[in-house]
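Read the structure below first, then the notes.
Chains here go by letter, A, B, C and D, matching the order in which they are written, and residues are numbered from 1 within each.
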Amino acid sequence: MKTNRMEAFSDGVLAIIITIMVLELKPPEIIDKEAFKILIPTLISYILSFIYVGIYWNNHHHLLYKLSRLNGQVLWSNLHWLFWMSLIPFSTAWVGMNPLETVPTIFYGVILLFCGISYLLLQRKVVHCEGRNSDLAKEIGYDWKGKITMLLYATGIIFAFWVPLISYIIYFVVAIGWFIPDSRIEKTIMK
Amino acid sequence: MKTNRMEAFSDGVLAIIITIMVLELKPPEIIDKEAFKILIPTLISYILSFIYVGIYWNNHHHLLYKLSRLNGQVLWSNLHWLFWMSLIPFSTAWVGMNPLETVPTIFYGVILLFCGISYLLLQRKVVHCEGRNSDLAKEIGYDWKGKITMLLYATGIIFAFWVPLISYIIYFVVAIGWFIPDSRIEKTIMK
Amino acid sequence: MKTNRMEAFSDGVLAIIITIMVLELKPPEIIDKEAFKILIPTLISYILSFIYVGIYWNNHHHLLYKLSRLNGQVLWSNLHWLFWMSLIPFSTAWVGMNPLETVPTIFYGVILLFCGISYLLLQRKVVHCEGRNSDLAKEIGYDWKGKITMLLYATGIIFAFWVPLISYIIYFVVAIGWFIPDSRIEKTIMK
Amino acid sequence: MKTNRMEAFSDGVLAIIITIMVLELKPPEIIDKEAFKILIPTLISYILSFIYVGIYWNNHHHLLYKLSRLNGQVLWSNLHWLFWMSLIPFSTAWVGMNPLETVPTIFYGVILLFCGISYLLLQRKVVHCEGRNSDLAKEIGYDWKGKITMLLYATGIIFAFWVPLISYIIYFVVAIGWFIPDSRIEKTIMK
């Protein structure tokens, strides 16, 4: 019962995050064909962030689906994770307005990195709450994938100092990496 | 149970989409009677988009109402459709600020077109998930109406190169066409 | 079951309407004591609109609480009402920026008037759906109060041509009139 | 049942409040390392407000969790509290744009103070509705903590006239004070 409340609140916040990014898309002043050129980096950054929020939404469901009880630490870890998630629209807007610039690219990477770290922390608290011998704990295991993702974000942040384009390629590759093996989650939840 | 979660999330996103369009309406600087003249194109584009989101909300309910289980493909098709829906406020704002201009009109039509295409894809995935012999599959059938709508959007986009006004007339006609046979949906769901 | 979905969607939209009005409040550029003077009309218009949305939220609950089934007409009447409600933040912002000016005051009154009219229409559709002999129909009755409110809004709009201040006084009086006899609703619902 | 509706509406409004604060964060024009310096006060004010909304969300749940019935006074006290909460994004934006300035600091403190006062009022109405001998009434007791908090906010507002920095330190200390003894709430709810 209590889990439902936290899920509903998180869903609400994620639904708002995924939608308000659109408010940061400013209609271009120009209305000839050039306008599309200006729109492209903005739209690409929007797509990237949309995919990230979508992946997190899916994973978050998966994580809470098997959680039977709550404690204060899970609650605050969840809010902590939502805090970093809530900075995605802001960093997306900055990146969209200044494509391929070093500082916004670093900032975007740092936000992704902290979204990931806070999610791993939430995961740990959930496992702790559920017990180390629970099904959930076994399923998550050591979470190599989560840890490699953190490393890739860090690499992306470092590349931003020289070639921001590579950073974005890394960010996209990570997104695709999480997007594809959705089938694994499917096996566990849906059947 | 799982269907409920996806429905609730989609409802949340659609509720936000339909509401944040208002944030794109900027109060005019002028405060004499001329202000209403400036407001009119903005309000018309808002009304059009509001009707579209309302229609999609109704149809989406209808579609998920009979769906008994979920898979990852339905989940991601739904997010894909929400992505295109989420661009409606942005394109509405652009159109409202530049009424009867070619480029924004094309952009608006393209967004409507992709909302429609992604909805048809979602519909196909839902039918696939539910089974080809299910009631849902029979009810949807070949969906001539959906396909003709796509054709009309494409026609609207082409007309935008010469007479944007005709594009908007087409967009409105499509909206009315979906709005009226609501009685068919009513027969199926409500009784 | 179906009523719940419509209620949840309406609640979502109303929650967003009541909250995004804040986004229209722009922090003043000045940061000395003069800033408060600029803030006052904005805050007053915000308070007025907040009370109106709060009252409508309460009444809408009351209306749907006893509704046992739905049809397409109720659904679209509800969306129609939400359309006018969604224009409240916009008109509040305009009024807050141009206090005591004729055109924004008229616009604000017109929005309130249409919120009221569309609510009365929704009420009629709900009664029609539930049946003329239902408890709900008897409770609502001829709804003198609703009709007098419409008349007061119209009076407010007319006064806006000469003395906008009187319009606001009327708008406030109506709000208070709906706010106070909350006890009547309480009697019916809560017990 | 009725309590659920009010909880869901409040959750919706709080989810929006906590998220739209991000919309007030404007991406800086500058994109070199200086940008981070401009971002810092904005981010700090955002963090502070995020923690406050998080704490209130937790406490609000705690308060309503044991409430078995509703009356109109609880309903309107809740809306009254949400009104003050809804001003947090606005005051956060103002403070973030003008760090360590007297007037915005006072305004921020006043909003916090009224959030607290309206919460205490809501608490009183809830206790009144539930009965003076209820478990809830005993648990809340005289609520020394709530009253001391009000005093600290008032102290913060007074300090803002001379050293706004001290005001923020007080606001942070209060937040930490509410954040830590979460364990007490945990004991009551979670077990």
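List of remarks:
FYI, a contact is a pair of C-beta atoms (placed from the backbone, for glycine too) under 8 Å apart; a residue touches a chain by one contact, two chains touch by 3 or more.
Because the structure is predicted, anything quoted here is derived from the model rather than measured.
Taken together, chain C and chain D share no touching chain. Copies chain A and chain D of the same sequence differ by a rotation of 90 degrees once their CA atoms are superposed, given in steps of 5. Of all residue numbers that take part in the contact between chain B and chain C, under half occur on both sides, making this a different-residue interface. Comparing mean CA positions across the assembly, the chain most remote from chain B is D. Chain A and chain B have Cα centroids separated by 27 Å.
Once the centre of each chain is set as its mean CA position, chain B and chain D turn out to be 38 Å apart.
Residue numbers of chain C whose C-beta contacts span two or more other chains: 8, 12, 16, 20, 23. Taken pairwise by the contact criterion, the protein chains form one closed cycle in which every chain touches exactly two others. By the touch rule above, chain A contacts chain B in their complex via residues 7-8, 11-12, 14-16, 18-23, 25, 27-28, 31-33, 35-36, 47, 50, 54, 57-58, 61, 179, 182-183, 185-186, 189-190. For chain A in complex with chain D, the touching residues are 2, 5, 8-9, 12-13, 16-17, 20, 23-24, 69-72, 75-76, 79, 82-83, 86-87, 89-90, 93-94, 97-98, 101-104, 107.
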